[in-house]
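Attaching a single structure in structure tokens format; questions to follow.
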Amino acid sequence: MVDLSVSLAGVSLKNPVIPASGTFGYGREFAECYDLNLLGSFSFKGTTAEARFGNPTPRIAETPSGMLNAVGLQNPGIDAVIALEVPNMAKLFQGPLIANIGGFSVEEYAENCRKIDQCPQVGIIEVNISCPNLHCGGKNFGSDPTSAAEVTAAVKAVTSKPVFMKLSPNVTDIAEIAKACEDAGADGVSLINTLLGMRIDLKRRRPLLANKTGGLSGPALLPVAVRMVYEVYEAVSIPIIGMGGVSCAEDVCELMLAGASAVEVGAVNLRDPMACKKIVEELSGVCERLGVSQIRKLTGGAH
Amino acid sequence: MVDLSVSLAGVSLKNPVIPASGTFGYGREFAECYDLNLLGSFSFKGTTAEARFGNPTPRIAETPSGMLNAVGLQNPGIDAVIALEVPNMAKLFQGPLIANIGGFSVEEYAENCRKIDQCPQVGIIEVNISCPNLHCGGKNFGSDPTSAAEVTAAVKAVTSKPVFMKLSPNVTDIAEIAKACEDAGADGVSLINTLLGMRIDLKRRRPLLANKTGGLSGPALLPVAVRMVYEVYEAVSIPIIGMGGVSCAEDVCELMLAGASAVEVGAVNLRDPMACKKIVEELSGVCERLGVSQIRKLTGGAH
Amino acid sequence: MIETPLTLIHKKQLTRDVWELALAGDTSAITAPGQFVNLLLEGRFLRRPISVCDWDKDILLLLVRVAGKGTQQLCRSEVGTSFDTLMGLGNGFDPARSTGKSVLVGGGIGSAPLYGLAKRMATAGDAPAVAMGFNSGDDAFYLKEFAELGCQISLATVDGSLGRKGLVTDLLPHTGCGYGFVCGPEPMLKAVWGCEQLTGGQFSFEERMGCGFGACMGCTCKTRYGSKRICKDGPVLDKEEIVW
Amino acid sequence: MIETPLTLIHKKQLTRDVWELALAGDTSAITAPGQFVNLLLEGRFLRRPISVCDWDKDILLLLVRVAGKGTQQLCRSEVGTSFDTLMGLGNGFDPARSTGKSVLVGGGIGSAPLYGLAKRMATAGDAPAVAMGFNSGDDAFYLKEFAELGCQISLATVDGSLGRKGLVTDLLPHTGCGYGFVCGPEPMLKAVWGCEQLTGGQFSFEERMGCGFGACMGCTCKTRYGSKRICKDGPVLDKEEIVW
């Protein structure tokens, strides 16, 4: 019997497998396929202050071993999420939820987190700083250490829940950003978000996505995620939720060896709605083959 | 009849297909498979001042739709390359060669370029600035605009051949680096080099590559390359050699629509030694289907 | 929705680029014509959504147009190939909501899901009129199949090589029908939507999809009643809720 | 080197994880035992290098150990599957350069290429001695095949379940041979290399490969005569040039 339980900044999860924000909706479609309680947790769709339609379509393009998305944070807004979706999710999943929070200003992040802090069902707040800072020429909050730290501090001031800052991979030095978040009080970091990409429609001679660029996710991303988790693990001492391209139980172990305490699974949920269930079910067997009786012992094992 | 010819800063190529540096050696192995003169040009293995063994093995790892390499610039040094390899390559390929030049200090780059400037067979110098600056804590020259510009200026001062600066994708803003190279006098830019990645050997619980990290190349990279070429095309007016993940004639057209004037083909040469020949042969047909009679008209067509 | 393997048991080329494929497996998740399946193809990351053309309890019929590398791979697959499939996706057409004499309006490959609808309407004793548009006569398919259901068929081709020269919208005034079940490329949907004699109808849309089952918000469109996911709340939308 | 399709025409499981595969196709590029082929597997980016075990003009024999997902896929392939293959890679063993009585020394799956070598030496009238090491008797393969060539076989297993308990190096002193043709995992190569009674020999190495034909410098090792590419200048190196 392998002990699959892990702990994230004091929050215990029965296993490290967590569907990634934006790829699992509010869980409803997957709950038709399997009992969500077999998951470690789940990170629900990124939430902003106002309801958002998101970007025009097409929002999706295929790439070798992956996909681009430019959904653009479609969501009903934080108040509707708290009033309707959180209670609903709590019916489908009895463990601690991860609330993924977006924002377009430091104040918006803080306000969203202050509100979500009131939800007992939420165990962890995951703050997505890959959003453009509308007060600062549209540069992403996650693209420089100062603004990443600013968001961290603002959010920490309004919640007592553990805060995981979700980092963008589109930077020269992700470890530096992670360190800035740690110094500003973050309880953990989540990485990686999608890598910026583009596909072009040869016939129309235009970018395929209406938004032109989109975020790359899926297996293509795995080696970049492993490298970044490894780098960040060397730079910080707070826990890491690793993600990017995970498609099987071995990939979960690979990201944990690189330094992750738990692992999110994104795009493959879209390709295979049963993916997370299969990964959870395979995890014990893979651990046994690797001679591991407590999966949390894998964390950072490759350093 | 589709006109496949393109021009790069005044150098005419019969078509835009160029094997990428490091994936074609000095052409010998491929010349056993086909006549290299069907290529537009070829960019030979990165050359440094001294002979280098490179990194310890394993140097290669597989990834979904791609691979990592940590060859570490193995090469016999600039003098041996000029004395032995350049004349040899000139026998296999009668068009203008692209000399890919590495370096670990601004002076080394300049010295290498000064020497290669003497080779009439070399039509273009491609300066790989993804090398660590040994005088500056090992940060890559390509990771900030100032050092990229410094290398550009130093190299331009010692050669009259067109200089293409080869940019690293491991940066927050590649357009800014490209602009700095343009301002410092570059005749063009080449992009992208490999994306930094890692794989971990689950059994040994260690990074698979002896060097720990390696560069991701292959189809997985294509959407990132398209995005970066597109961004750089909007920022500069010098020509772009596009590359990253190209595996078929359609991919060549996609990078050209994004803004490339010519396209390098890397990792797929390793998987299929006939890859470049097949791509050249398919190119006319693809252009015809797209209704293009001069391939150079595709450049930047998606903007 | 169920995830289940389907085995290709029959294929036939209907036109230059359209194939008829029959797949065997558990079709129990399909509840209405106009629903679609999402097929996993070896070596492609995203699934390919294809409308149910017809089905019985253990055979699914698809009509597939070769549009790119994935559909080419699908149509080149050998009999015996198995495909992991998500089944019973989307809402589908509901003939019970028709408010008048019905015409099925198909453009190109968009006629595929209309066949299953026509068959069910015919079985219920009410074979609908069918109006189909193609680029040319060589591209037309399933004329005999629709006729065998007892449907009155009118045809338009862009080059005039079969039926009336023109677009499918040119046919509608002559059908005398006030309610449409419509599937085809978006410009055709829009044109049919704008036809005066249609007082109501159900329109099937296409969009690039991440999941096909409602999880990713990749396929959202605006309607009079808010955002809808083409894959889950559609692909069929009511005429009156559509905004262009 | 040629790039050519090979068709799987026969497969047989030899042990828990070793399979014998026969592939039909143009083998003309193979010139020496100890060369290898590089097989393209659907869905994997890099090819998989596998030693030639034996060959005639249109059949290639491989012995493959399931080591990971690629070799598993290969061994699970159905007869009739076609593989794009690069053929005639590497230098191979050269029995003519032997400087004394020869023993073939194999560790685990490393015995595979030694079979083709033994066969050619036997055909030339000089069946060599063979020393093979395995983890246990259950892992041993091709004993009968080597015996049928007239080879004198000595065996060692780590658990002692077959032959001598111990490593293949324990066998060498008893063979009375001074020249070795050696293939196996690196620690075994190193141990054999250090055995005193071998005054010369040819050692076949493995390395992770990008191309397998000399282009990428992915597989370089240091030798007394400078850098060599395992794939092109090897996989077989002379005893005296090897540095550890």
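Here the chain labels run A, B, C and D in written order, and each chain numbers its own residues starting at 1.
The rule is short, and it goes like this: a contact is a pair of C-beta atoms (placed from the backbone, for glycine too) under 8 Å apart; a residue touches a chain by one contact, two chains touch by 3 or more.
Just so we're on the same page, UniProt names per chain: A, B = Dihydroorotate dehydrogenase; C, D = Dihydroorotate dehydrogenase electron transfer subunit.
Just so it is clear, the structure is predicted and the values come from calculations on it, not from any experiment.
The fewest steps needed to get from subunit A to subunit D, moving only between touching chains, is 2. C-beta contact counts were set side by side for A-C and C-D; A-C has more. For the pair subunit A and subunit B, the distance between C-alpha centroids works out to 34 Å.
Chain geometry summary: the mean Cα position of subunit B and that of subunit D are 36 Å apart. Remark: subunit C and subunit D have CA centroids separated by 56 Å (rounded to whole angstrom). In subunit C, there is no position where the chain touches two or more neighbouring chains simultaneously. Residues of subunit A in contact with two or more other chains: 61, 63-66, 218-219. Viewed as a network of touching protein chains, the structure reduces to one closed ring of chains, two contacts apiece. Taken pair by pair, the chains that touch are A-B, A-C, B-D, C-D. Taken in their complex, subunit D has these residues touching subunit C: 42-43. Taken in their complex, subunit D has these residues touching subunit B: 1, 3, 40, 44-47, 84, 86, 207-211, 213-222, 227, 232.
By the touch criterion given at the top, residues 61, 63-66, 68, 143-144, 170-172, 195-200, 202-203, 205-207, 212-213, 216, 218-224, 226-227, 230, 245, 247, 250, 253-254, 257-258, 290, 301-302 of subunit B touch subunit A in their complex. Contacts from subunit A toward subunit C in the complex involve residues 22-25, 28-30, 32-33, 45, 53-54, 57-67, 69, 71, 74, 218-219, 267, 269-274.
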